[in-house]
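Both of the next two complexes hold chain A, though its partner changes from chain B to chain C.
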Partner chain A sequence: MTSAATKNRVDRRAELVLGALASTVLLLIAGMIVFVMLKAWPSFAHNGLTWFGPGGNVDQELTDIFNSPAEPSHYIYTLHAWPLVYATALITLSAVAIGLVVAVLSAMFIVEFAPTALRRVLEPVVRLLAAVPSVVYGLIGILVIVPFVAKTFISESTKNSVAYVVQLDGTSILVGVLILTVMITPIMIAIVVDALRAVPNSWGEGALALGINRWRALWTIGVRAARPAIVAAAVLATARALGEAIMLSMVTGSVGFTPNPLDGLTFFIEPARPLAATIVDNSEGLSVVPFGQTLYAMAAVLLVASAFLSFSGWYIRRLLRVRGVTSVGTTAPGPA
Partner chain B sequence: MGVSDVAHGRVTIGNSSRDPKPGDPGGLVWHKIAKDAICLITNDKNKLSNLSQNGVQQIFSGGVRHWNDVPGASAGKDTIDLFVRTAASGTQDAFQKIFMDPFNVSSTAKQKSSNGLVQQSVKSDKDGIGYVSLYFAKGTNAVAYKGVACNLRNAKSGQYGGVRNFWMITRGAAHGQTKKWLAWIKKSNAANRIIATQWVPLH
Partner chain C sequence: MSTPATQVPVEPLPLPAERRDDAPAWGIFDRIGVVLAWVAGITLCLIAAAIVIYMLFRGLQYVNLHLIVTHPEVGLDQSKTGGFLDPIIGTVILTVLGTAIALPIGVAIAVWLSEYGRPRGLARAVESGVEIVAGTPSIVLAIFGLLLFSQGIFGFLSFTAEGNAVFGRSFFTAGAMMSLIALPLVVGSTREALHAIPDHVREASYALGKDRASTIRRVLIPGSRSGIATGASLGMGRIAGDTAIVVILLGATLTLQGVGGVPGLSTLKGTGSTLTTYVYNNSPSGEGGAPEKAYAAAFVLLMIVILLNFAVDLIARRRKAQWRA
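Moving on, here comes the complex of A and B:
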């Protein structure tokens, strides 16, 4: 028999242990941010805001940093990382924008319109897709999709016309965005499905009783009420996309090139390389001090971007929460 | 990562396929343990048989962009697709020093993060050319360099020019078991035979 006093003590102990665990996580995150910032500082200090700007060839700049002379006072830091920052933003935002539309529509279908048999298959498959490791997608990308794009969309004359500027061989932002969308959509579908289910039935029924059809009822009541969860899904997906490195390094061509929308259709088959892919591709050079610091600077940019993302996601959800369903409002983890 | 691991004392011996860089941390001792041939490879359909140093430099620096400008190539008038390794890799470092110097690799070249990915890209692209460690030349057309075929025999005899170093690195001079291990790798016949299966022993 446990007395009330013992019970209290157990509760108190659990509280302390859980509290300590939670604070350790906070400390770890703070420590990580401080560590990365300290490592990254020389790169930012040397370049200032031009770090983010265009200029020169970013790959040549990285090679020069890698070949820095031995004396710390002569380390080379000059880097204009615009092509990498631009590629990160372009690929991430395109994939999230496409994925979000697909996710909301698929979730509506699963919740309201899918026959039960289909729904029973669809839901587990969607959740399984969310768990496939990115390197698997990368392999499918280089073995199947890249050669297909090269054969189907790239003619010898297009290739020839830009031969001295950029190499078109199939690895491209098109393939990167396509696979990234496939990677991040399932998790968004899962979150939006849960949110749509959490909308009280009576709200939708009320709308139906007024005589509107199921589609309008779901769109105007369900999706509206689930807006905070949709934002949460987008934030989570963006965080995953920002941090995606291996797959993008394999299929986007891995060149510090800035795809130009003015190139018309060629734009889609031009290569690029986001920040996270640049870090994994060059991690072999970490031991060369200024090169390592430059890679840490890229990591810092990603870290700040995902922190900013989490905060703005939290803020938007707070604004929407007034009349929304909040059961699935999760915060995004950092880049995987 | 081998260099940075040993520099931080996380491991006793680090492996590296690139030569020391001036920016590497001080206090590291680099022990040369073997050599490796770097082969120029094209797609199997492109039976390019030989390249001079000037030819390699012209192609990889982006001066020559079409296969019909390369004598001996059989890829029609197609545009050349270049596949290279990322800036920090040993293969890239060696290629730059041995083949390219004083030219730089063209900025249009696609950078791959492993030898296997370069091999894969060249295999699936009929207009591709790249360079890989000898072991990864399988399934592609290995191009002779300066008239010497890229194979183990020519690399061992010293005739093949595109040969780079493999290193083991210790923090400070090796001692105790580490010293014995390195001595075994460098001197024993058994180690020599293992190295000679795919790489070039030092003696």
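Moving on, here comes the complex of A and C:
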């Protein structure tokens, strides 16, 4: 009896220790939100909602904040970060939208249409593309693709047409979106492929037996059943795109400029700079108090956005789960 | 349905002449869809091939042994700035450190979630917590880490300046934040592996009089070893490839700058750089000097990542046979 009691106590203790360790994750997240928010508060408090609004030259404002006087009462906080927020949203959403279409098509190809030999090649290819470090993508972007864009798409006349607001040198949202799409698509493919494979074979076979073709069967049965996983994939990819700093700071030109859709085709080759890239580019300035607080405010925006994404992804998955494949491993992020 | 299966001469339903009755109809949109799927698949292969071949070409062009074994030096003349030994060491230290922290914590979380998971609410919260960590941009983790480790109580982890200002940048602090990048991957694949262990294995262990804790220690963790290894290798790949945390939390100094006198410990308390920041700083967006060296370092980095990827493949292949017998 005593030995059973001891054993029970050991077991209970193991459970408590493991549970406590697991709960530190929650502590960490709470700590992160509190710390970053506290540090960011002065910047938000000073600007209010105009923080997110347009107005003025954002790079000039950042320089002013960086050079603000040393006495705390004279700190400058004025910032209208619209160009940065706009660039983040524009680049992230375009890359995810393009990537999602490509990812679903490729996943269908891998699961249903690819010949066995090609499938054997494709699976490691997807994993490889997901694993290439962003700085390598950035390097190829700035040394190969940016010069190509500059040579092919930028003539003297296009340059002159926007010369009064911004200089065109090939670093552009076009290159940024292109490379970002290549970076995030493999993540989505891996998840969607897993989900399509998890759909019970009999469902698709039932559809085929009713006489519809393979594409229809996969599209109406497989893809529909995999919707929760597709949402999970999109959420994960959006989070990755939102936080991509290094590659974007290398290829999008690092100018706090708002690309204007009214410029026609020139719009695509105009530079921009998202929030994450702004933080990396200016990380030397973190020790200057008001400037550091401004950068933390940008981090807070990213943090809230990514937490919001996680939640909405979880919620949408819950809504879709009723009719979908439930056992899809959406907790394993990245190419697993 | 329309296949005449019996000999009874029943006239089939009148069908359009061009439609064969043994194949389903392929509408124009279905055909376009299949073509697009092929295009997407082939394009992926082409992009991957282009990246690998291009990097291989540049790598073979610029990498030589001299670059890999010499320390980098500051200089304007590119022939005198040395190689990238220090960044390679930095990458190795940081990867090992980050994985060493992430592995026990990640396995513990996975085991608790799938074997205990009580109270339910807490388990669900931890689950979404791990998801949030996975979704947090590494740049945010980096500057949160800087804020956290600049607090006085963490002074022992990094350089402390005059007047007790804690620098907050060191291999220790960067490694701690890097572990958060690897953590969700370790948790995910460990859970998957635990999930794959059939329940009768657990029941057999209980039947032998083992309690849950020792079942976990002696049966479940050894049984999910390959899943844990997969998670660790995936995490190592992510750590080796991350730049933002290195730029902000490791200082990205060109050489390893030790702090304090104790050998080994001083390096870990000091700053340094990794291959990723070396590439970044040598590219046109950094100081811009030396694309050749950036290419060479990027090639070495890519090789490391591909090797880790290969390891994942091998482990996954071995795992498949495990529970089938």
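Convention: the second predicted complex is superposed on the first by the 315 of 336 C-alpha atoms of A that agree within 3 Å, B and C clash if a C-alpha of one lies under 4 Å from a C-alpha of the other, contacts with A are read in each partner's own complex, and residues count from 1 in each chain.
Convention: contacts are C-beta pairs under 8 Å (C-beta built on N, C-alpha and C of every residue); 3 or more make two chains touch, one makes a residue touch a chain.
Note that this is a predicted model, so its numbers are computed, not measured.
*Asks:* Based on the shared chain A superposition, would you classify chain B and chain C as clashing or fitting together?
*Replies:* Because the two structures are overlaid on the shared chain, the partners are seen to clash.
*Asks:* Is A:60 touching the first partner chain B, the second partner chain C, both, or neither of them?
*Replies:* first
*Asks:* Decide which partner touches more residues of chain A, taking chain B and chain C as the two options.
*Replies:* Answer, by number of touched residues of chain A: C.
*Asks:* Identify the partner contact of A:250: answer first if only chain B is touched, second if only chain C is, both if each is, neither if none is.
*Replies:* Touch partners of A:250: chain B and chain C.
*Asks:* Which partner does A:169 reach: the first (chain B), the second (chain C), both, or neither?
*Replies:* first
*Asks:* Looking at the overlay, what does A:19 touch: chain B (first), chain C (second), both, or neither?
*Replies:* The second partner, chain C, only.
*Asks:* Touching A:320, do we find chain B (first), chain C (second), both, or neither?
*Replies:* Neither partner.
*Asks:* A:280 in the overlay: touching chain B, chain C, both, or neither? Say first, second, both or neither.
*Replies:* A:280 contacts both chain B and chain C.
*Asks:* If you stack the two complexes on chain A, which partner ends up touching A:225: first (chain B), second (chain C), both, or neither?
*Replies:* neither
*Asks:* Of the partners chain B and chain C, which touch A:142 in the superposed model: first, second, both, neither?
*Replies:* In the superposition, A:142 contacts both chain B and chain C.
*Asks:* Overlap the chain B and chain C contact sets on chain A and report the shared residues.
*Replies:* Common to the two interfaces on chain A: residues 142-143, 249-250, 254, 280, 283, 286.
*Asks:* Considering only the defined contacts, which chain B positions touch chain A in the complex?
*Replies:* 1, 3-4, 7, 21-25, 62, 65-66, 77-82, 86-90, 104, 107-113, 117, 120-121, 124-125, 127-128
*Asks:* Please output the residues of chain C touching chain A within their complex, sorted ascending.
*Replies:* 1, 23-26, 30, 33-34, 36-41, 43-45, 47-48, 51-52, 54-55, 105, 108-109, 111-113, 116, 118, 122-123, 125-141, 143-144, 146-148, 180, 183-185, 187-189, 191-192, 211-214, 216, 230, 234, 237-238, 240-244, 247-248, 276, 279-280, 283-285, 291, 294-295, 298, 301-302, 305-306, 308-309, 312-313
*Asks:* Report the residues of chain A in contact with chain C in the complex, numbered from low to high.
*Replies:* 7-8, 10-11, 13-15, 18-19, 21-26, 28-29, 31-32, 35-36, 39, 102, 105-106, 108-110, 113-114, 118, 121-122, 124-129, 131-136, 138-140, 142-144, 182, 185-186, 189, 208, 211-216, 219, 235-236, 239, 242-246, 249-250, 254, 276, 279-280, 283, 286, 295-296, 299, 302-303, 306-307, 309-311, 314, 329, 331-336
*Asks:* So in the complex, the part of chain A that touches chain B is made up of which residues?
*Replies:* 57, 59-60, 62-63, 66-70, 75, 142-143, 146-147, 150, 156, 159-160, 163-167, 169-171, 249-250, 253-257, 271, 273, 280-292
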